[in-house]
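In what follows, subunit A forms one complex with subunit B and a second complex with subunit C.
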Partner chain A sequence: MEQEYYVCTGCALLCDDIEIEVTDNKLSKVNNACLKGVARLKECAKPAECKVDGSNVNIDDAIKEASSILKNAPNPLIFGMGNSTTGAQKKAIELAKRTNAYIDDTSSFCQGPVIEAILGDRIRTCTLDEVKDYADVIVYWGADPSNSHPRHLSKYTYFPRGKERQRGWEEDRTAICIDVRKSDTAIICGDKFYQIPPQADEELIDALVSALSGKVPKVSFGMGPKKILELANLLKKAKFGVVCVGLGLIYSLSDIEPLVKLMNKLNDVSNFHLIPMVGQFNMRGFDHNLHEETGYINRARFQESGVEHGPQCSIVELLRTKNVDAALVIGSDPMSSLPGSIAKELLDIPVITIDPCMTMTSKKAKVAIASVTSGAECGGTAIRMDGVEVEFKPMIPTDSLSDEEILSRIMEAL
Partner chain B sequence: MTNALEIYQLLPKTNCKQCGKATCMAFGAALLSREVTIDDCPPLKEDKFRENYEKLSQMITPSGEASESGMIVHTEKCIGCGNCVVACPVNVAEDPYGAGSGKAPTNENVILRVEDGVVRLSNVNQCRRFGKNKIMCNGCIVTCPTKAIEFV
Partner chain C sequence: MGFGQFLAAPEYDLKIITYRDIFQNTALESSRGGEEYLNRSAVIKIDVNDMKKMGFKEKSNVILKNSFARVVVSVQLSEYEEAHEGIAYMTNSPWSNALVSADDGTGVPKFKMITATISDAKDEKITTYDI
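Right, the complex of A and B next:
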């Protein structure tokens, strides 16, 4: 019998080789997925319930209340959508247009700058399938995929055999890790681990650029020129290199320019590509969708006169300056991911959440709407961390509404 | 991985023979291969060795279901990343286009696969550490980020 494979929506790797066993319309076994994927696809520990002001209501009342909040707010914010399908994201953008809302997603304090540079053709990228077939040098910079994307090394980058990499990881590939601490990924990289102090990424980039130009590299921390030249030589000799950029690097750079400079230099002397280590399974999808619609990937505001864009439209700035009067949070938990001083502003405005699980945000929200888990109970499409569109089908049937259906119902009620 | 000498350092080193072994070093080696348990050493249970006893109990995790090739998978540490599944030379030979290429295993001959987020063993007799021609293959140990795989 031909095995039927499903797609895991645990992270932006969107592993497409998942086998499942279903009993009584529930997932009893999820095979080949990592623990992170299994945890997301199987039921959440605390499933969400539809609530208004803390008391249970049916979904129709919750949707009615949500739409009246959005209707009466002159400056609403729509945030999240990293865990929603492309269809739901398009609906959310449409809703933002209808309500003249601010719209932002987690990329505004995550991989946004890198995705912007990739979409603007400033940085060369490639797909993970190309990495599997051709890559011989893989650099993890400020990333620890062993914890964030457990199958990154085993499915695409380091361990698998590919077209031109038939002899496996021991002979054909080199994995390099640059990080501030000896992470689990650094342990796998062994002696190809380069430890740097926090905030020293830009300095190392400058040193690498000079090493690649044939100058003697110098850094103020305890890494000798010999060690940096050794790293530069590894990069120079690569036939097909890839830099997987994690949040560790993004957070330590004040802007993306040093990274662009390094990638250009690497491409002068060698052949290098960049892949952002996107977290939520369809965060990159949202950036693509909004880019298609407005030319910006995040931090936008729809107005009658056009689209406003800038740091003043990011969720952090909006909450800090108290410029929003309602928030619709879809499949995200800003209350726990934002700094406390910013997150507490969410307590002062009416918040609507759409989420399959109970989160810190939904507990404090005025209206909480329960949706289904995308990928387990509803299908759709999503964009993988490398920009490839992946289609997925539901694993189990459900009567509940998906994010997309809930957003359509809110729009009807407006 | 723990070695016999590290264990020996924590034993009483009196060669009292109460455990039935000739020396403490022999007991340490037996402990490593899970032939005996920490409680088989009576002096270790005395008060003055309490600290060593606790250290040893952290070092020597119970063998649980050690397979015939001596492999122990600590399921509580495993995160299901599948590094071992793809790196295992037997898996690659048996299933080059499935497990060997990073995808789901496509046949039943593989010895490691991920089920429900943790690695599971099958066809243990195919492991390179099994049988009379065994070699000290460590493909699955060195690739494990959480040190969830151990051989006794």
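Right, the complex of A and C next:
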């Protein structure tokens, strides 16, 4: 029998070579996936239950209560959706329009500026398949894929053989790591690890732009001009270069402009692309979908008069300024991932969660709705970190509802 | 209870850098709220010279404090060979997030710019969250 392959929804690499074994309609084995993928697909320690005010209810009552909260809140927020299918994300956007809600996702405080620049054609990008086939210089900047996306190096960017990279990592590829700490990825990069102090990324970018312009580069920290020129030369000589941008770099810059400047300079003298190291499997999909609908990737509010956009519509600012009176959180755990001083504001408003697992947020929620794990129990489409659309089928059957079905039911009940 | 109980423990300034750890990340799914997740999250890793200077014992409890929060975590020696005095590492978790500022109006918390003081927690237990 021909082997059937599935897609892992553990992260935005969306690895498409997953083999599974099913026993009694449950996943008994997930092969080829990384630790994180296996955990996401089959090891949810505490499956979610439908609850209202902490008491178990059936899903119909939970949906009815959720709908009532959203209907009566003048300023609701819909947040998350990075672990939902494209179909569910489109439903969430529709729900935001119906309820004049704020809508935001985790890109609001991570890779958003980079995705916005890519969608606005300000930064040149490429696909992971192109990296596999052609890339000879790969830069991991403020990124540690060995921990965040464990198969990134082995499946696409460093170790595999590609069309024009038959000698693979041994001879055909140079991996460079720029980071504030010697991460596991930095160790793989060996003597091509460039350690910088915290918040020094912009200074190194300026120095690299100088070096690529034929000037003597200078920085205020202990990296001499020779070392910076050596790095600039490696970048300049690339036939097909890619910068894999992680949160270490994003959080160090006050805006995206230094990165745009570096990419432009690299493309004056060489051939460079950028891929954001997106975390949740379909966060980029949400940004594409909202962009298609509103021209903005996140931080939006639907109103009768049009769409408002800006930092004031971000989850962090909305909670900090107490400008929302209800929140629908889909496949995300802001109580755990936001700063404590911001997350605590969620305790003062009615929160609805839709999640396959119990989370810190769902434990405090007024309404918790149990959904299925996208990719394991329901199929759909998603956008990979490099912008490629990936379709996936469910691994096991279920009678439970997907995020998309739950959102449809909430809308029907409005 | 000795006299030392009433003396304030000295506080030292630290910059904390957060990082991803595949095993901690996996434990978030498979041991949410469990011992493994706690053991991999409620931890600060500091430089060997800082450990000596500050007089902490490996795996003893320390207080991390700034204007946003006060949390108790376990202190451990960093595995890194290069010296990084004054800089400590924590994985992303509610323990590190408690110390993050987010009040500049940009909507982007300063996840990678945490400053806090560290001091001996004496008999205090590790901060727990209802995860």
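To be clear about the criterion, the second predicted complex is superposed on the first by the 413 of 414 C-alpha atoms of A that agree within 3 Å, B and C clash if a C-alpha of one lies under 4 Å from a C-alpha of the other, contacts with A are read in each partner's own complex, and residues count from 1 in each chain.
Just so we're on the same page, a residue touches a chain if its C-beta (ideal position, glycine included) is under 8 Å from a C-beta of that chain, and two chains touch if they have at least 3 such contacts.
Model, not experiment: these values are computed from the prediction.
Peer 1: Where does A:Ile188 make contact in the superposed view: on subunit B (first), on subunit C (second), on both, or on neither?
Peer 2: first
Peer 1: Touch test for A:Val180: subunit B only (first), subunit C only (second), both, or neither?
Peer 2: second
Peer 1: In the superposed arrangement, does A:Lys322 touch subunit B (first), subunit C (second), both or neither?
Peer 2: Touch partners of A:Lys322: none, neither subunit B nor subunit C.
Peer 1: Going by the contact rule stated at the top, is it subunit B or subunit C that touches a larger number of residues on subunit A?
Peer 2: C
Peer 1: Touching A:Lys393, do we find subunit B (first), subunit C (second), both, or neither?
Peer 2: Neither partner.
Peer 1: Contact-wise, after the overlay, does A:Lys226 reach subunit B, subunit C, both or neither (first, second, both, neither)?
Peer 2: Touch status of A:Lys226: no partner.
Peer 1: Contact-wise, after the overlay, does A:Lys215 reach subunit B, subunit C, both or neither (first, second, both, neither)?
Peer 2: neither
Peer 1: For A:Met358, is the partner it touches subunit B (first), subunit C (second), both, or none of the two (neither)?
Peer 2: In the superposition, A:Met358 contacts subunit C only.
Peer 1: After superposition on the shared chain, which partner residues are touched by A:Pro311: those of subunit B (first), subunit C (second), both, or neither?
Peer 2: Once the two structures are laid over each other on A, A:Pro311 reaches subunit C alone.
Peer 1: For A:Lys239, select first, second, both or neither according to whether it touches subunit B, subunit C, the two together, or no partner.
Peer 2: Neither partner.
Peer 1: Identify the residues of subunit A that lie in both the subunit B contact region and the subunit C contact region.
Peer 2: Touching subunit B in the first complex and subunit C in the second, residues 34-36, 38-39, 146-147, 150 of subunit A appear in both lists.
Peer 1: Once bound in the complex, which stretches of subunit A touch subunit B?
Peer 2: 3, 5, 17-19, 29-39, 132, 146-147, 150-151, 153-156, 159-162, 168-169, 184-185, 187-188
Peer 1: Going by the contact rule at the top, pick out the subunit B residues touching subunit A in the complex.
Peer 2: Per the touch definition, subunit B meets subunit A at residues 78-83, 85-87, 92, 96, 100-106, 113-118, 142-143, 145-146.
Peer 1: What part of subunit C is in contact with subunit A in the complex they form?
Peer 2: Subunit C residues touching subunit A: 15, 17, 19-23, 25-26, 28-34, 68-69, 80-82, 84, 87, 89, 92-94, 97-103, 105-113, 129-131.
Peer 1: Which of the residues in subunit A end up touching subunit C in this complex?
Peer 2: Residues in contact with subunit C: 34-36, 38-40, 43-46, 108-109, 144, 146-148, 150, 180-183, 195, 198-199, 247-248, 251-252, 299, 311-312, 314-317, 320, 335-343, 357-360, 363-364.
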